[in-house]
Structure formats: structure tokens, C-alpha cells
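Next up, some structures in C-alpha cells.
Two complexes follow with chain A in common, the first pairing it with chain B and the second with chain C.
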Partner chain A sequence: KGKSIMANLLVISVLSLLIGSGFCCDQPSVDSSYYTSTNLKLGKNAAFVVELTVKCKNNVQDLMLYADVNGVQYPVTKSPEGNNYQVSWTAKNKKSPAALFDVKFFDESGYNALKKAARINQDANTVKPLFSVDVKHHGMSSGFWVSSELIALAVASLIFYVVCNERSAVIS
Partner chain B sequence: MAPKSSNFSKEEELLLQDFGRDLSRKSSVIFYVHALFVSAIPLWLFNRIHQMEMLDNAILFVIGTIFSAYFVALAYKNNKFELKHKIAQKRSDGVAAELNAKMSETESKKISKKEKDERILWRKNEIAEAESMQLAVFYTNSLFLILLILSSFFFFKSYSPMPNYIISMVGASSITGLLSTSSQK
Partner chain C sequence: MKYCVLVLFLSCFCVVASEESSAKLILTKNILNSIITQGNDLAIEYNMYNIGDGVATDVELADSTLHDTDFELISGKMSVKWDRIQPGTNVTHVVVVRPLKSGAQNFTSAVVQYVASEDSEPKFGFSSEIGEVEILSLKEYNRLYAPHVVEWGMFGIWTIPSLLLPYMLYYNSKTKYTVKSKKN
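Now for the complex of A and B:
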């Protein structure tokens, strides 16, 4: 009976290791790109989008990720095929000046640890993220007060005026 | 029916060639190359600003560019013809002075007055040809581009990109060609 219990424990521990390693990403390599809105004319809120491809050394598929931006967590969506992920969020323009955002990504266990730290008022920085991505936001502006087509028209008009004068001098 | 060119004397043919509306082969090539280049410039505008994809609208762009190039080249030709005579008249005294200064006294005595006049005429024609071509190209290009900017970014700003391109290119090139047919008396 003792031997059977030991065997069961061994099987359970091996299974746990196998299952656990299947959901933990080992040494992730991340390829990321991001977009932040800079044109105030398009909207009053700043929009941020981070797209990334995550490859784990242990070839984990269907990884659940969560992003943490300045203490606020956002779910990360995954594409149906491949390891492409995307997270997006918005912020009011007044609260999002030009800044460098450190976007931390957590897997499920990291996210749970983060939530636990928040519940027991522990410092969230003690929870180590799976990886992080730097997002540089240049700030939002409404651009130059004169539109570019008006400048182009002014320059073209000036050139046309000069050439018309030249032509009139010849024809007269 | 107009008489065929074989009825003209050699001198008359030379005069027609120099002062006629027809262009030499070299001038035609220069004009058409310039016209194609100027007509292709708006492609960059419509691709970058109006977000029209080059490959998706390739056929439209090719037809539009060729259509515009034809009318712009026509405008070049008409403007050049109008300007050449005026420039030749203005440069007449200067060219005569230049050639007289270049020729030494002995050489001047050897050459007959007729030959001297022919040289002056040839030089005057050469200068008028070059200057009229450059001024015609400059004037036509600036007129075409200002019409294009006005139509594409102001008058038809709210139109979707494809009709905007068609109307702007056809309008700008047609008006440029049409205005070149007018003559000042």
C-alpha cells in the first residue's frame, strides 16, 4: 500500500511538473512594436497599442498574458494563429504627456502574485514580470497652426507670380 | 489643299523649321520627358497624402499620367511658340553686338553682309529656342502644379481619393493646355 501511494505521488509530481512547465514560458524572446497617438486633432484621448511576438525557449503555446502600465492591468489578446499578442489602452491627453512607459507583461502566475500583492498592500515591484517593453510616447500636439497645403499653395503662388512677371516682361 | 513641303525652297524650309510651330525631334523628346515627369509628381502626393496605393490604382495612375503628359506637352509647345518670336525680337540687338564683338576686323571684312545677317539670325534663333523652351516649361509646370494643388486640396478636398485624382489631373492638365492656346496681341 505504501509503495502504491509513493508511486501515485511520483506520478502526480511528474504530471504537475509537465503541466506546470507547459504553461510557464522559459526565457521568452520578444519582438515588439508600438503606436502612440500624437495628433490632438484626431481625438482628445491618447491611444496606445503594443504588438508583440513572444517565443518561449520551451515552446509554450497559448500563453495567457497580462500587461501592467503604471499600476493598471490590461488583458493581452492573442491572435488565433502564431504567438502574436496585442494590448491597447487609452488615457486622457492631460494625463499623458511625453513619457517613457515601462509596460510589464505577466503570465497567469505573475498576475495572480500581482493581485495578491495589491490585496495585502505589498509593493507591486516585488513581483517580477515575465518581460517588459519600453513604449516611448512623444506627447500629443495639434501641429503647426498653418496647414501644410496652405504653405504649399503659398509657395506655388509665389513661384507662379515670379514666372508670370518674367513672361509678361518678354511678351510686352 | 496646301502645297506639299517639296514645293518650298531650301531657305523657306529652313525658315519654317526655325519659326514654325513644329518641334524638332530633340525638342519633342525634351518636352515629353518633362511632361511625364511633371505629371508623375502628383502620384507621390496622392500616395502619401490621399493614401492611394500605387499597385491598386496602377492602371488609373498610368492613364492619368499619360493623359496629363499629353496636355502639358501641348501647353509647352504652344507657350514656346508664342515666346520664341518675342524673345528673338528682344535678343536681336544683343546677339548682333555679341557676334560683331567676336569677329575680328579682317574677318568682318571678308564675310559678306548677307552671311553676317544669316549668322546673326541663326544665333538669335538658337538663343530664342533655348530660352523660350525653358520659360515655357517653367511657366507651364508652375501653372499645372498650382491648379493641381488648388483642385486637389481645396476645391475637391472632400471627395474620395479616386474621383479627386481623376478630376484634379484632368482639370489641371486640360486648363493648362487650354490656356496655352490663347494668344496675346
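Now for the complex of A and C:
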């Protein structure tokens, strides 16, 4: 019991040192916006872009972040000025149906923990992200699901059928 | 003599040690769309590959070829940086713009600046060029890909007289005949 208390104390002291020295982000507040490709007529390839500004309570700037999207990690890019970050990924040559992406953001220590968990085959959900952003992808569509030409064809066929019926009734 | 051997050995060691691993970045720029039109989104993807054996640090990507007058920025940043790119890995960056003008447009290279090895000067690199691409005008795009609901509606309206007239004649004669048969 004494050992576990010592271990906890050690972790807390290290964390507080890190936060104090400016490596860890304390209580991040995130402002995010995202873009997903929705027009199938322009092409099958889908692009996903998430832009965010992160403000840490302890004013840590220039964070090194990694984003995890469905188990794949992407490094997060920074703007040369300010706390603006962006992560983007693409889905090429495959369908991108409507989905809700839970994009988890990890700092350096979180990313290392994630890689370690993958190495020792531990569940990745045990590693807590710094924060996460929900990206709602509406799916790619090419307008209304039925084309206007099909509707015109259906109406014309209906009229033709009705007329044929009447004609055969008259002839008989 | 012994000292000579020692100095020779040390110098060899130094030579071996000074062969530092160095990063080499290759940047490709390509368009994700199949069709590029004025007034519709255009997604451009930048892929950076580190084919060297060292870590590339302070990597900055800047694309100043998409001017405000010709393109409206929808999403993504034109100037970004990565702290580190490990050897043998690649990173992706996407920018979404909307062309404001139609016609031929020349897409030229983006620039990357990075530090290949410790304490070395920043290196520059250019991305691959996309070249000249035809941007369809909004009118042309609608002519090819719009649902044409209005056009079909107009077509329906114009065909009504040619359908209605014979039908009225048929209907009149039909009522006459049925009245006759009832009389019989």
C-alpha cells in the first residue's frame, strides 16, 4: 500500500513538473471546425479537414499533437502563427458513406502510450486523449437519389400504358 | 608509432561518426477532384515523404500559388508546419478551395523548407507540378451535370397540347358512342 502511494505521488509530482514547465497542456479549451466532401459528382475521392484552435489553461503554446481517426494516427500540423492546428486525411478510390468520426487528439506522451499499447496488444481505449472532436460526415451524394430523366421516362411510360389500354379496349 | 596508430584509428572513427543520417523530403501535390468547376469545391492534397534515413525537423509547407483573386479558401491552411517527420514515413495535408474563375488555370509547385540533419542549414524543396487544368464554368457544369428538372418540366408543359387535343377528340367520340349503346 505504501508503494502504491509512493508511485501515485511520483506520478503527480512528475505531471505537475511537466505542466509547470510547459510541456503538458492543462485543461485545453478547443474551438474546432471541419469540412468533409459531399458532392459525389465532383469525384469519388473524399477529403476530410479538421481545423482547431487550442488554448491551454497554463498557456502552453506550440503543442505537438497527434490525431487518431478510426485507429489510424496522423500528425497534426500547426500554423506558423498562433494556436491554430489542422489535421486532414483522404479516402481515395473507395466509398465514404455517412459516418460520425470521433477524432481523438493526443499529446506526445499520450501518443507514446498509444504506440506502447499497440505493441503489447492492449486495448487502445485505455489511453485517454487530451480532447476529442466529433466530425459528422453526411456522406457523398450526387443530388436527388432518382434522376429527373428516370421520372420523365416513368411518366411517359405510364401515359403510354394508359393509352394502349384504352386503344385495345376500343378495338376489341 | 603507437600514437600514430591511435590517431589513425580515432580519425577513422570520426569519419564514420560524421556520416550523419540525413532526411530527404519529397513533396507531391495533386488534385482529388475528377471534375473542377467554378463555384464548386476543389480539394488539393499535399503528400510529403521522407525518403532519407534521418528525421526531418522544422518542416514548413507553403503554397502561395492559389491567389485570393482566383480561389476562395474554404478549408485548410496554405502555410503549415510539422515539428518532425520520421524517416520512411509520409504525411498528408489537404486544402479545399473554390475556383472563382473558369478557363485554363496553371497549378504550379508548393514549397517545403526543412532541416535535414542536426545543426544544418534549412533546405528547400519544390512539390510536383499539376500543370494546366481546365476549370469548367458554372454554366457548362450545369449543362452536363445538373438535374435538369426545370427543362423536363418545360418539356412536359409543351407536350400537353399535343396529347390533350387528340385525347379530347377521343373522349368526345367515346361519350357519344357510350350514350348510343345505352340508348340501344
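Note that in this section the second predicted complex is superposed on the first by the 119 of 172 C-alpha atoms of A that agree within 3 Å, B and C clash if a C-alpha of one lies under 4 Å from a C-alpha of the other, contacts with A are read in each partner's own complex, and residues count from 1 in each chain.
In the analysis below, contacts are C-beta pairs under 8 Å (C-beta built on N, C-alpha and C of every residue); 3 or more make two chains touch, one makes a residue touch a chain.
Fair warning: this is a prediction, and the values are worked out from it, not measured in the lab.
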| item | value |
| --- | --- |
| Chain B versus chain C as contact partner of A:75, first or second or both or neither | second |
| Which superposed partner A:61 touches (first chain B, second chain C, both, neither) | neither |
| Which superposed partner A:164 touches (first chain B, second chain C, both, neither) | first |
| Partner chain(s) touched by A:49 [first = chain B, second = chain C, both, neither] | second |
| In the superposition, chain B vs chain C on chain A residues touched | C |
| Touching partner for A:141 - first (chain B), second (chain C), both, neither | neither |
| Touching partner for A:39 - first (chain B), second (chain C), both, neither | second |
| Chain B versus chain C as contact partner of A:153, first or second or both or neither | first |
| Which superposed partner A:29 touches (first chain B, second chain C, both, neither) | neither |
| Common interface positions of chain A, toward chain B and toward chain C | 149, 152, 159, 166, 170 |
| Residues of chain A touching chain C in the complex | 33-35, 37, 39, 41-49, 51, 64, 74-75, 77-80, 84, 86, 88-90, 92, 143-144, 147-149, 151-152, 155, 159, 166, 170 |
| Interfacial residue positions of chain C with respect to chain A in the complex | 32-37, 40-41, 43, 45, 60-61, 74-77, 79-85, 91-96, 145, 147-149, 152, 155-156, 163, 170, 174 |
| Contact set on chain B toward chain A in their complex | 82-83, 86-87, 90, 135, 138-139, 142-143, 145-146, 149-150, 153-154, 184 |
| Of chain A, residues touching chain B in the complex | 149, 152-153, 156-157, 159-160, 163-164, 166-167, 170-171 |
